[in-house]
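Okay, handing you the structure first.
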Amino acid sequence: GGGGLTSDSQGGAAATTGDILLGMVTPLSGSSAAIGPYMKNGAQLAINELNASGGVLGRQLKLVAEDEGCDPKTAAAAAAKLVTAGISVSVGGYCSSATLPTLSIFGKANIPMIIPAANSTDLIKDKLPNVFLLNGTGAQQAQAAADFMKSAGLKAAALVDDNTSYSKDITTRTAKDLEGQSTKVVNQQSVTAGEQDYSAAVTAILRANPDIVYWTGYYQEGGLIIKQLRAAGYKGKIMVADGSVDKQLVTIAGKDNAQGVLATMTQTPQTIPGGETWIASYKKAFNADPGPYSTQSYDAVRVAAEAIKNAGNTNGKDVIAALEKIDGFKIFSGSLKFTPEHTLTNGGFDILVVKGDDFALNN
Amino acid sequence: MSIDDGSRPERPSNSSANRSRPDAADASGFVNAVDDRGDTKVALAGSGLAPGKASTVNPLSRLISHPLFGLVVVVLAIALPFINSSAYTIRISTDALIFVMLAVGLNIVVGYCGLLDLGYAAFFAIGAYTAGVLTTTFGWPVIATIPFVVVAAVIGGVLIGGPTLRLRSDYLAIVTLGFGEIVRITANNLDFTGGPNGVFGIPDFGDFGLRADIATYWVVTVVVGLAVLASARLGRGRLGRAWRFVREDEDAAEAMGIHTYQVKFAAYVTGAIFGGLAGVLFAVHQTAISPPSFNFLYSALILMAVVLGGMGSTPGVVVGAIVIALLPELLRGAENWRYLVFGVLLIVVMIFRPQGIWPHRVGEKPAKARRKRVVEDEPEVIP
Amino acid sequence: MTAPVGIREAPGENAPRLLEVEAMTVAFGGVTAVDGLSFGVNEGEVLSVIGPNGAGKTSAFNCITGFYKPSGGHVRLGGVDITGKRPARIAAMGVARTFQNLRLFGELSVLDNVRAGMHVRIKQNAFDAILHTPRYHRSEQEATDEANRWLDFVGSRGNRYNEVRNLPYGEQRRVEIARALAREPRMLLLDEPAAGLNHNEKEQLLDLLRRISDLGTAVVLIEHDMGLVMQVSERIVVLNYGREIADGTPTQIRSNPAVIEAYLGAGDDVEEEAEKIAHQSDDQIFGRTEGEQA
Amino acid sequence: MDFEYLLQLILNGLFVGSFYGLVALGYSMVYGIIKLLNFAHGDIYMLGAFSGYTLLTIGAGVIGGQASIAVLVVIMLIAMVLTGTVGLILERVAYRPLRGAPRLSVLITAVGASFALEYGIAVSFGPNPRVYPVRLGNEAFTIFGARLTYAQLAMMLIAVALMIGLDQAVRRTRSGRAMRAISQDPKACLLMGINVDSVITRTFFIGSALAGAAGVMSGAYYGKIDFLMGFIIGLKAFTAAVIGGIGNLRGAVLGAIVLGLLESFGTAWLGSEWRDVFAFGFLILFLTVRPTGLLGERVTERV
Amino acid sequence: MSNVLEVRDLVVSYGKVEALRGLSLTVGDGETVSLLGNNGAGKSTTVGAISGVVRVTSGTITAFGKDVTNAKPWDLVEMGIIHVPEGRRIFSRLTVHENLQIGGYAVSDTSVINQRIKQVYSLLPRLAERRSQQGGTLSGGEQQMLAIGRAMVSGPKLLMLDEPSMGLAPLMVAQVMDVVRDIREQGTSVLLIEQNARSALRVATRGYVIDSGVVTIEAPAEQLRADPRVVEAYLGK
């Protein structure tokens, strides 16, 4: 059994004893299955640290992760499962299209969501009180990319996305930002993720003769596109968005081909001072390298804990109020203060560049 | 065999495969090295009289073919929130019910009429998007969108079915698959459909003072229950028989005056309407819809529900749909093992129940008719 | 005893021809299966079409019933041109047929198979079926009753809820005929109904054909069993290489040298058959239809 | 559209088409003989890529980082035997028990097998993509201004050689004829003295081996492999097989090339996002005009 | 005279239905043996069991001195046991010529196959006329000829024909029976199933009457023709 059937029977009084549960909806199967563990581990690392220092409000934290397979229906079921499990805060959300249907489920249950990865502006379009984005939005990233192109004096840009919301969001916004600017968008297209041959797209890009190609999808396809661009004789610049910032990009593209590839990216442990210790503890805990969104997930847990601590209880409304009040809390992308739309005040995007086997800060 | 592979030996000869025995080996285009057939209902040698054989349905299947049985299932479904009202239970049950509606709709096309449709999710998408766009962009209440959903689904069915229903089954399969992909990609590429993020913030039917998810659950239960009933009844009526005739033998059906093309068309369009209406329920339930929900894999899953349950058998298809909808949820904790297990289970189930979990049976007839036959066993001879 | 449908009036002397085939030609690539064939069928008569294998009999049937499109010529039914119409249209106009190789709906019940024949007459739409209106129940009941009557008529015994493919061959043949009769055709085309039947079953078939003819339905029969053909036909058309080589009464046909050469042969079988027939009076052969002979 | 660009599009189309072709052949063969749409076929391709990967990783010490085409060919042959065997086992375990069952039931086991293969690899290799330890260089030559790398040329030549070999084998030998006969009436084939099971087994072996070869080639050429890589190409191969006239081997290759070209031109004219809409739209229109595909046997249905 | 085929106490069941219930028969070298029986009596099942396409539940089948119970059909074809099935089952989308070639599948020597195909064409000229037509488009009678011709290409030592005259015109029935006679004269043993008992008993040397899966009468052909039971049931008065 459990719960009443009437309209006011959900989101009742929060428990005041026992573990505080944090829920995470993340892909653990399907084509994005590789991402899930990175996020899960990042969050777990934060929980371990917090628990070691006594937990929050004297209670221990516990992570409950559910698979979404990047599928909206599975994600919604996962969210409902987390609601039923009694989580206090949701710290998950990777695929935007799969995160959208979870908004109302968490919303109706009065559970705050601190979304570490999904960053489509659609998530905050309806101004739901419980939704907070901990990742820079597409708008911010696009701005960073456009600024770079202009300042580098590039005349022609090709924008390529993988036709998913995250990726397309960035290209459309970049194109908008470049409207009427010195950099012209000479080619814009959406390829299908999961394929291997992008030569048709590459041919079209080459024909448009751009100075820079901006790829906003993930590293799997990104690596292939870089390789195929180079094989087709493309000599200009290539830039990728944060979804492609991963060592694997270099491996897939081939070290030679990947040299000098730029990226728009928020701060990562690799790029901030003191990051090495974080990487080391991650490695120690999970015997693996951190990957995309490990840091954001780590931060999401810490932010959640901070808000609960400030609220003094786990009641959704109070935690949300606490989240809105947070100011100056240190996270990887800088110091945290949510905008009225519940996004980061400062996207914190930097330009990285591939040097050797990995990305480094471009100076 | 229900789906004609188009390779019926055009002229097996005077008798051939039809000759007095179920010869599934020919029918499937396969053969066992040795004709080692299991138990089949066969007329006794030479006698021509097989008194009452096939109508002696086993007690279980008589129980479940009883009209009351369906009622009991519906009552149980309605009572679910009183038994377990957790958000998770309600959600996955609603999902499963919507899936049942899809499977029942596809069953009309595949199970009744024998048309292989690999792009059924297209109609699901058309329904969901029509409802989604009309409610969010124009602020309509969901109910008001239903006529438009039906019209949109019918238009979709006519557009794709019209020119292609003459194709042989496997060609039809690829055409429908292509159509499914076209619909999904188009939704992904257009602006008014919200691009890859789709449409979100879709309102529900109203909460009637209940918890919103439970209100939706009950609405869905009622609609799906009616849909199941309608499809079962359609299957037994005149049109339903015509579908089966076409599935079994188009030429013979034509010779009986049945316009086979129209009949196929009717199946296709009816299926489209079911799919479209299921789409409305889905849109309401998800509140946010986006292209990935309508991919080929989803069409394949619906087809699986139909085949796994038993093509042409309404209770079978309902069971198949519930299995296919809930199994991955039950295996949720297994992560990537989940689909490995799922795949292996599919194979195992099909090997042990090649006709489906609950196949359609000929010979299950209303009790009234059964009694009647007893009297008529010694037929009066008309001069 | 009531027949399942109202017995139609026997046609008068100058009744128009029910079916008129005029210079019909069918060619497949190099093969001309039917080559300028013309013949007619009168209301209510029993006509046999015989001829060597590959003479084009089945092809001619297929043209008449719309399954093949003739490349030349015309087919008229009751004066209406039906050349090239779709099979369903032609069937709805009162032409029913069976197939040389049985074409039953194998996985359906015997009753459903017969109800297929009544399909176009069942007064019921999709909404009736969904809502189970009184009209639905009435029409279903009527259809079932009528199907049962037709099955009784053809002498089908055994369980009618059985899948038809599980029936013995002879029984399936009967069901196929019942299905065609349920169409209430003006004309019934039977393609080798006796093939694969044993002696006893052939006798029963003969009796059935006579009863069908008694209903006033015209019967066109393709058959290689000369015993049956000679006993049941009022008139015989003989085809060879797609052309008509003879047209006449059984007596005329069995002594026609062209027919003997092309089809019957001088085998002992035929002699025996001929002997047998010779012993019967024409009356016995033609039963009640004798009076209508021209 | 200038000539160079046109030629480049054609070359791209041909190159992609040759991959589709290798996979489509197996699809078409299996369909031709047992009327099964083998949805697991694309995953055999994936398996080929992973076998090649494993072999190369094991043998990396021996051959060093820079593999020659010759080494790749050897690896490819071994991988072909491996995938062929998997195909054969698949037939034994998942399809043969269902001979005589409704055709769609087998389709479902095929989808089940596809899931099992994909996620079997996902759990054993992990969900992360793998990268082939060898690299084919970017050296290219130009013909009339269109650019083709030597690696691409080599791949196309291998594909063409395999296709011609198969075509000859099927046409020239009596087992080719037996395959066609089995597709029509397997039981009658028994009475002709044909060992139907072994012919079917052989078909699966050959089809799977070809897909495996394509898998290795794609791994070596594109570099990245992952457990879902077979899905899309499986759909494309199915489409190609249908365009060509399903069950017809030459048709499958022709269909694959047509599809490759359609995609290439679709991208050029409408952009990548509309490419599949273009290809499928064309397919639908084409089939309404020619319902049996390019080379599909036109059957005069007899009644 | 040695027996090419000996069937002892054959039992075959399809699920619960026992189609054969202890049937025994023999075919001697060069003999033509006819099987008569009602629809569903078990005639086709018997030849199916002999040619290995129907599984035998119990009993033994010996051919050319070897036990071949439940042997593989292809091995039996190699031994020269050829079964022309009920309903012809020609390959409808192969041409007439290809159908004949398939008939020679078990023969490895192509020249032998071609030789035999030539013989078939001369024996059945109608097939030669139609050699490149698809099998499925032949008329019923033509298909029957093709089925027999196809069997002859494989070089049968024991030829089993299941209702070869079904659907044939009288002249053609006579021709087929002549072919059967020719085949017998070449020394091939023949097992002939026929509904057309009159013709069958004319070419056969011996015959069996089967009823419900067992042999009820066994006698030389002339004797059967005179047997009142046979006359009543199969020949007609």
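All chains are identified by letter, namely A, B, C, D and E, in their written order; residue positions are counted from 1 within each chain.
The definition used in the following text is that contacts are C-beta pairs under 8 Å (C-beta built on N, C-alpha and C of every residue); 3 or more make two chains touch, one makes a residue touch a chain.
Given the structure is predicted, the values throughout are model-derived calculations rather than measurements.
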Please name the chain that ends up farthest from chain D once chain centres are defined by their CA atoms averaged.
C
Relative to chain B, the most remote chain by C-alpha centroid is chain E
Where chain B and chain C are represented by their mean Cα positions, the distance between them in whole Å:
38
Using the average of all C-alpha atoms in each chain as its centre, how far is it in Å between chain A and chain E?
75
Measuring centre to centre with CA averages, how many angstrom lie between chain A and chain D?
36
Averaged over CA atoms, how far is the centre of chain C from the centre of chain E? Could you give it in whole Å?
31
Tell me, which residues of chain E touch at least two other chains?
38-40, 52-53, 72-73, 87, 89, 91-93, 136-138, 140, 144, 166-167
Scan chain A for residues touching two or more other chains and write them down.
29, 33, 163, 190
Which positions in chain B touch two or more other chains at once?
2, 7, 9-16, 19-21, 33, 35, 37, 40, 42-43, 46-47, 188-189, 251, 336, 338-339
Using the touch definition from the top, list the residues of chain D that touch chain A in their complex.
5, 8-9, 12-13, 15-16, 19, 119, 122, 126-129, 131, 135, 138, 140, 147, 149, 218, 222-224, 226, 228-229, 231-233, 263-264, 266-268, 271-273, 275-276
The residues of chain E that touch chain D in their complex are 51-53, 72-74, 76-78, 82-85, 89-94, 98, 101-103, 105-106, 134, 136-137, 150, 154
Contact footprint of chain B on chain A as seen in their complex:
1-7, 9-10, 28-29, 33, 36, 66-67, 70-74, 76-78, 80-81, 83-84, 95-98, 100-101, 103-105, 108-109, 120, 122, 125-126, 163-165, 167-169, 190
So in the complex, the part of chain B that touches chain C is made up of which residues?
2, 11-16, 18-22, 40-43, 46-55, 229-230, 233-234, 236-242, 244-245, 248-249, 251-260, 266, 270, 362-365, 369-370, 373, 376-377, 379-383
For the complex, which residues does chain C have touching chain E?
28-29, 31, 50-55, 58, 100-101, 168-170, 192, 195-201, 203, 224, 226-227, 262-265, 267-270, 272
